[in-house]
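Across the two complexes that follow, chain A remains constant while its partner is chain B and subsequently chain C.
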Partner chain A sequence: MGWRLALRPYVLIVPALLLTCGILYPFGLGLYYTLFDFSASKPQPDMVRFENYETVFTQEAFWNSAWVTVLYAVGAAAVETVLGVAVALLLHRSTIVGRVLEKILILPLMIAPVIAAIIWKLMLQPSVGVINYLLKPFGLGGVQWTDTPTGALLSSIAVDVWVYTPFVAILALAGLRSLPTSPFEAAAVDGAGWWYTFRRLTLPMLWPYVLVAVIFRFMDSLKVFDIIYALTEGGPGDSTVVLQIRAYLEAIRFQRYSFGISYTIVLWAVVYLAAMVLVKHLGKIQRKAAEVK
Partner chain B sequence: MTIKKRLLGWLADAALILYFVFALFPIAWMVILSLKPTNELFSTYFSFSPTLDGYRTVLGDSEGIPFVRFFVNSLVVSLGAVALSLLVGLPAAYASARWRFKGSENLMFTLLSFRFAPELTVIIPLFVLYQKLGLFDTYVGMVWVLQLVTLPLIVWIMRSYFADLTPELEQAALLDGYSRKQAFFKVAIPLVKPGIAAVSLLAFIFAWNNFVFPLILTSNEAQTVTVGALSFLGGDRPKYNLTAAAALVSVVPPLLLALTIQRYLVRGLSFGAVKS
Partner chain C sequence: MDMHVHDRRRFLALTAAAAATPLLAACGAGFGGDDNKSDGSAADDVTGSFDWKREKGTTVKALLNKHPYTDALIADLKSFTEKTGIKVEYDVFPEDNYFDKLTVDLSSGRASYDVFMLGAYMVWQYGPPGWLEDLGPWMRNSSATGSEWDQADFFPNLLQADQWSLKAGAPLGQGGQYALPWGWETNVVAYNTDVFKKLGLKPAETFDELRELAGTIKRKAPGAGFDGMYGIAVRGSRSWATIHPGFMTMYARNGLRDFTVQDGKLTPAMNTPQAVAFTEDWAGMVKQGGPPSWTSYTWYQCSSDLGAKKAGMLFDADTAAYFQAVEGASPASGKIAFHPGPKGPDGSLATNMWIWSLGMNAKSKKKSASWLFLQWATGKEHLLKSAITHNHIDPVRKSIADDGAYKDKMKHLPGFIETFETVVDQTKIQFTPQAQFFDATTSWAAALQEIYGGQGAKSVLDGLAGDLADKVG
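Up next, the complex of A and B:
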């Protein structure tokens, strides 16, 4: 009977693991492919070992994509964090306005990012889009939003911000509501001002929650695909070709399968390293926050 | 002092309303755009004679894009992925919440880590594999990859629901002569039912909203609405009203679900992130 008991958790987990292996297998296969020069023009590939990776790292296009990806991820995560925390703080005051609006906070998050990008693409059309129409009275009627390199990058970040700010706000709000009340009461008795309380109490205690949101948002933005695909397809020029878009162009559009996968493997490694560093940092922050409490 | 405070309060409310204008205007604008007749698309902005022609065209296949079929496809593959994930995910979540066993934390982290992998890493090999196995552009193939989205979500959130149940409840059931299986199905599962409902809907929404998998692993037969909505942007003349109508139709299920179970969704979203 003893061994059956010991085995039970494994038996219950095996089906989930089998499905997981169904994903691990293609992942391993992809890793294996990158050692070959497998492409549509070369269906019988030769083993080239690490040549694909060498090409990736010596290509200017890769470094451009890496730079664009970092700009996008840092920009989106930073704006979402500041805006999300601000919205959470405002909602936490729980006025009537806040209580009504809180119910619909989640809506943009429920729209597929690709659909959000389509929506914004229609609104940002230079000649017939509603945004330029609304800006016309301010003398800004002809902005070429997605047709200039900077504009395209900023526009795609704006879509990301539109979709994901509620995510940060929800986590921050959950955090705010779980904070202990006694330190705040003590601070109020001592006559501490709003800014002082915010900097010395709210922010340090809230930071672990915010950081979780930042980690999720930063990781996800590093591998952005759908928003850029629908909004700019990487253009104009190479200005918004983030790494997953480059991988898509190489592997699917130009059918250089091995080479395209090498790109995603490099991206995967970067995301993993970033996750490790951030999670380690999260542990430190959580210990610090516990001390403040 | 009180006047200053009240003024600041109004300012805060105004800032909040400003954010929500930013958050809601795009959705409202899609409604307006979708109701515009084709010949008034580029003329007057807020005054026009609204028509449902856009929706008729989108839902009536008349542009050669079978949007209704894409919609049904989305329903089938999203429901399929959620059902399969529940089937294998609930026992796994229960086991990992109830018993600490060798490698349990590593296994759970492995499951979660798939959330961080770039989709294209597995899609391209799957694309090659699917072509060989005949799974390309099929329901089975789509349900299989959507696991990547739904399974980790279900396991991680349900794990914290199960962990919140005290084991005494099931132990009492065992003393009453229930078997382990009965204790799981008759005691544990009914108690976490609200959690199951919430996480299923959340997983459904995530599966429905996925874009990369159907983009690369389907072409026509099993294509979903997220990919289908893009096809109205193609062609020589931009059909903005049709695009808007298609986009709106494709967001109806997730938005309706979100509004009905808003409270649980928030709990689910913050659980998945905070407790991991």
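Up next, the complex of A and C:
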């Protein structure tokens, strides 16, 4: 075997190795920093081992943020999934209107979430916003959308839903269009109704696609920052301070670097575990879908 | 075959070691980069007679915040280059992310920017890690500083605001001069003269009157032809910036403190019975006469609501009202007047200030040229030109405040000069200097929002004080 041939596997592995190092190096460095009390006021810090994590887990603020993050992620992912699938089912019938709507549907995805949040902030403005203007004839013109904790959280979820429902719809639509036609034809011949066909055929076969969308949206929503920060800055009070915002405030605004990174490491662990569970579940669902087909 | 496997393992082991080396080196190198710091100031290297052309051919890099003061500076940069032969390159960022950009840049330990804008509060955050050049030695060195710079011409409270010993709780005006006052703002009440005239109102002299006035305007103004007008615009977003203008001014006029300091130890004082009562009243005023969606209100919204005739009054920076009051700037221009605002129970007009200051990066490689730039930008010639031909108002220098051309320019604004002159000597930083300022005030703003939302002021402020005690103690 010539030396060139012997070297080839090592050369081929270089890009993957560089990529791995590029990912692991900052991650490892961040992890390492969490073992110190590194902050702007202490540029030469002492090793404190796991003290930062202890502090994180004993803080009421952390548990509040964790709760808000989970509420947000579950709420946004659930609404987007239901709406996304519903929209996909409507668009599945390939009419001219459907094809036009498909093009329009994709528009929110082309807007940066932070811009979408700013647009919505203006629209939700109680005195000059268009939402209250439209609601005025129904006697609901004075709603202060983001002034209450529940209102602020729901408004943030609504913006997320507006931006990302098309993403779920597009994935679900792609799934619908790739389903085999024969089971549906057989069901039609047997006289199965729409609801029965949807429940017993469409949904089981569509689930793998929907679950991919859910995985993406749930993980992304756990990491949300831009929409909430632009809309409420985490307020009123601490009611919409999700883990990312808490980490940003600690690390950048208050310059407690180690502590801020500890928050992000905890968030990473949560996202990683959630992703593992969902991906494992995806495998099962894919096997079931294959059985239906 | 065995040899091949062995080779692969050795290769992977060597690669892993190579990848780990920079990681360990970076970790070993410490945090925040180079820490070789000499005790001597670079100002000592400047000798001989003062010469504006000393650094001819140098380029200074500046980081600036988007602001009318910045516009005035940029418009006059050509004069600086002509005078010194120094070029200035600059980046301008909007205020929303200006300080994040500056913080990240300074904390990286690099000298991307030689000079930058900052507020006095930022000295408390950037000073202790050693990111700011102490300008004191530069000011004292007659070879580096021209006699016409005239340090005594600055309002003393402004120079003191940027001077600190870097010890938490220590008063300002002692220790290093970490920035120079360049433009500032005092917090007063501006009001719409039309609505006051129509409703037969006059500016409030006490806080109780102000609360009542705010409620009255919100109730009566829409029926008097001012559709959608509310009483008083004050900031409410979950940010440190909510606390420092109107709220802190009125808080200080009531004789209240953010922290008490004993033997260098800081104790939060936002939950004293008097502070709780005041905070409750402030939140009540916002509910009765404040803007809808107050929890998202920044100075932009407050200022534009006054200009759009949506707000009857504004309790914020005088500049925030001024930018709406100048001719043609807004629907309310020509109808905005200024008043010092309510006095405290003992007649106090203690006022909190914001100073746009200019600072120098301690890691700058062009300190001598940067100092010439700071000297020029805070000098009489440029500031007078900026005040008269641009909107660089609220002069940091007494000579400009007294200048006839400046007074001529400002006199068409009812009450502006009188208000400025009434509060100028009583305006200072009303906060206790300490490095956790941004955490404390952001949490304070969140607490204010919770009280506005209906939670009990005492329990919320007790929680705030307890949380802050651990952080600043």
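Points worth noting:
Following the convention adopted for this analysis, the second predicted complex is superposed on the first by the 274 of 293 C-alpha atoms of A that agree within 3 Å, B and C clash if a C-alpha of one lies under 4 Å from a C-alpha of the other, contacts with A are read in each partner's own complex, and residues count from 1 in each chain.
As a working rule, contacts are C-beta pairs under 8 Å (C-beta built on N, C-alpha and C of every residue); 3 or more make two chains touch, one makes a residue touch a chain.
Since this is a predicted model, take the numbers as computed values, not measurements.
Of the two partner chains placed around the shared chain by superposition, neither chain B nor chain C is touched by A:81.
By the touch criterion defined above, A:21 reaches chain C but does not reach chain B.
In the superposition on chain A, A:44 contacts chain C only, with no contact to chain B.
Look at A:91: by the touch rule set out above, it reaches chain B but stays clear of chain C. Shared-chain residue A:155: touches no atom of chain B or chain C. In the superposition on chain A, A:254 makes contact with chain C only, not with chain B. Of the two partner chains placed by superposition, chain B and chain C are both touched by A:29. Within the superposed three-chain model, A:10 lies in touch with chain B and with chain C [touch as defined at top]. In the superposed model, B is the one of chain B and chain C that contacts more residues of chain A. Touch criterion met: A:106 reaches chain B, while chain C stays clear of it. When the two complexes are laid over each other on chain A, chain A has residues 6, 9-10, 17, 29, 33, 121, 125, 252, 257 in contact with both chain B and chain C.
Looking at the complex, you find that chain A touches chain C at residues 6, 9-10, 17, 21, 24-25, 28-29, 32-33, 36, 38, 40-41, 43-45, 61, 121, 124-127, 142, 144-149, 152, 231-238, 249, 252-255, 257. Across the complex, chain A meets chain B through its residues 6, 8-10, 12-13, 15-20, 22-23, 26-27, 29-30, 33, 83, 86-87, 90-91, 93, 95, 97-98, 101, 103-116, 118-123, 125, 128, 130, 133, 162, 165-167, 170-171, 174-175, 209, 212-213, 216, 219, 223, 225-226, 229-230, 243-244, 247-248, 251-252, 257, 260-261, 264-265, 267-268, 271-272, 275. Chain contact summary for the complex, chain B toward chain A: residues 9, 12-13, 15-17, 19-20, 22-24, 26-27, 29-30, 33, 41-42, 45, 84, 87-89, 91-92, 94-96, 98-99, 101, 104, 107, 110-111, 114, 116-122, 124-129, 144-145, 147-148, 151, 155, 180, 205, 208-212, 215-216, 226, 229-230, 233, 240, 243-244, 247, 250-251, 254-255, 257-259, 262, 265-266, 269-270, 273-274. Those residues of chain C that touch chain A in the shared complex are 4, 8, 11, 15, 19, 22-23, 26-27, 30-32, 35, 100, 103-104, 107, 125-126, 128-130, 228, 237-239, 291-296, 310, 435-436, 438-439, 442, 445-447, 449-450, 452-453, 455, 467.
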